[in-house]
Amino acid sequence: MTITLEAAERAIGAGRQQASKLGIAASLVVCDAAGHIKAFSRMDRAWLGSIDVALRKAKTSVLFEAETQALWEVCKPDAQAHGLESSNDGLITFAGGIPLRSSSGELLGAVGVSGGQVAQDYEVAQAASASFLSFNPNAVR
Amino acid sequence: MTITLEAAERAIGAGRQQASKLGIAASLVVCDAAGHIKAFSRMDRAWLGSIDVALRKAKTSVLFEAETQALWEVCKPDAQAHGLESSNDGLITFAGGIPLRSSSGELLGAVGVSGGQVAQDYEVAQAASASFLSFNPNAVR
Amino acid sequence: MTITLEAAERAIGAGRQQASKLGIAASLVVCDAAGHIKAFSRMDRAWLGSIDVALRKAKTSVLFEAETQALWEVCKPDAQAHGLESSNDGLITFAGGIPLRSSSGELLGAVGVSGGQVAQDYEVAQAASASFLSFNPNAVR
Amino acid sequence: MTITLEAAERAIGAGRQQASKLGIAASLVVCDAAGHIKAFSRMDRAWLGSIDVALRKAKTSVLFEAETQALWEVCKPDAQAHGLESSNDGLITFAGGIPLRSSSGELLGAVGVSGGQVAQDYEVAQAASASFLSFNPNAVR
């Protein structure tokens, strides 16, 4: 079971709508459950730096099956896995990456968003995730 | 002047239609005139190896403002720039990358396609390029 | 559906038996359908260089869903995808990587072997693959 | 004198038993005294991110001949070698990597474990290390 391009694009589309509503320009990516890119959009006027950040957020969420900001709790200074963020070619540990799961809870991939304030990136990623869940998450092959 | 996300996605959409018509599953990317990714789609069932190849084709076309197969003429053994393909982190020098230009000839980006036989990749990239040209290439900012 | 550690280790075990029979010391790897390592064994006295080659063989087989030597037919000089081997961080295009599939033909991963003469590596990989197929390839999660 | 595959696999097997007992799924690696991978197992359902972390833990333990968490004492902020963790392509400085030695104290390699809470990873690595020591550590070549 893996994510379809149709589901990935619907999630990105919902994220873009939310980004426009917030007045920001973002890079949005959906990767599959192995961290390989499935779909990507960079909105007009998004910072170039958002490309890599969005990709790393999605990858981070897949690698540890968690929202990116949750990972910070374990890898910040003095936490049990301090410095973990330097593994796997560099993780992103603030908000904007969210795992995408099937209705039965299986990891199917993740969405990553970058381009606005971090709280805005998170809102955009949440909109993408909500769209993914509502769009019959069984529509995978 | 740079490529819009709308134009990039139309080009990828046209490429995907052509890929489906040919019965292949491909990765398709559009990058901007600086070689930075603008939009990407991996069709369901495309080889994982197609991701990197499509990205490199688009980047190669931007870096030397040429169709990827044309670059081979200058970098093949015994040609003047033999071995050039190892520069820039590795170029792809067979067909599937095509520059995208404005109606006045300005370089706006490139499309890269991988997933089928090379001749098929080229057909898909041509469909994407044709769509881009017909879609009022002035619709850039 | 993905490969289990049990199935991966049985495949590697069968490969090692064949390697011992041939009198060679090899590195053997099984990766999953996304190219991520699942199990690895380096036999005593295997060349250090065999580690990377075995890993790349398995990854190459997953990325293009083919035996590694088959890929050479498309990427050798004058073939349609000449130079493809430099993509994806470097492919290996001689024998020793074989895709592992379910009984229904779905790609589950690949085995990669390096350490002997190439024909020997191929024999070892074939033994691993045969073991995988005979070991109820549905034993995946 | 170096570690044998038999000893490496026994250590990993003991670690896996402990991991199962703790109810976690981990990646486990044994590398030799030069930091080169000897054996690796990724248990079913382990996070993908655990692969790289386990490999780095084992490598870190070999590079500085110490348990990974001990290294933190010298490289944390204000310690004499502050920032050392960014050397050698990135070290891991929390628990889970343990050197493996012969009965006479010679460094033979290291085990690295990732997949659970850090304290659990350490327990698993300790089980692997204990098994290695009890298994006639002279059984090396």
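Labels for the chains are A, B, C and D, by order of writing; each one numbers its residues from 1.
Note that contacts are C-beta pairs under 8 Å (C-beta built on N, C-alpha and C of every residue); 3 or more make two chains touch, one makes a residue touch a chain.
From a predicted model like this one, the values you see are computed outputs, not experimental measurements.
S.K.: Determine which of the two chain pairs, C-D or A-C, is joined by the larger number of C-beta pairs in contact.
M.R.: Most contacts of the two pairs: C-D.
S.K.: Roughly how many whole angstrom separate the Cα centroids of chain C and chain D?
M.R.: 26
S.K.: In whole angstrom, what separates the CA-based centres of chain A and chain C?
M.R.: Comparing mean C-alpha positions, chain C is 32 Å from chain A.
S.K.: If a residue has to touch 2 or more other chains to count, which residues of chain B qualify?
M.R.: 48
S.K.: By the document's touch definition, which label belongs to this structure's chain graph: line, ring, star, complete, or other?
M.R.: Here the contact pattern is something else, fitting no line, ring, star or complete shape.
S.K.: For chain A, which residues count as touching chain D in their complex?
M.R.: For chain A paired with chain D, touching residues are 34-35, 60, 62-65, 77, 80-84, 86-89, 91.
S.K.: Hey, which residues of chain A end up touching chain B in the complex?
M.R.: Checking each residue of chain A against chain B gives 4-5, 9, 36-45, 48, 51, 141.
S.K.: Per the contact definition, I'd like the list of chain B residues that touch chain C in the complex.
M.R.: 47-49, 52-53, 56, 72, 77, 85-86, 90, 92-94, 117-119
S.K.: Would you pull the chain A residues touching chain C in the complex into a rising list?
M.R.: Listed in rising order, the residues are 1, 32-36.
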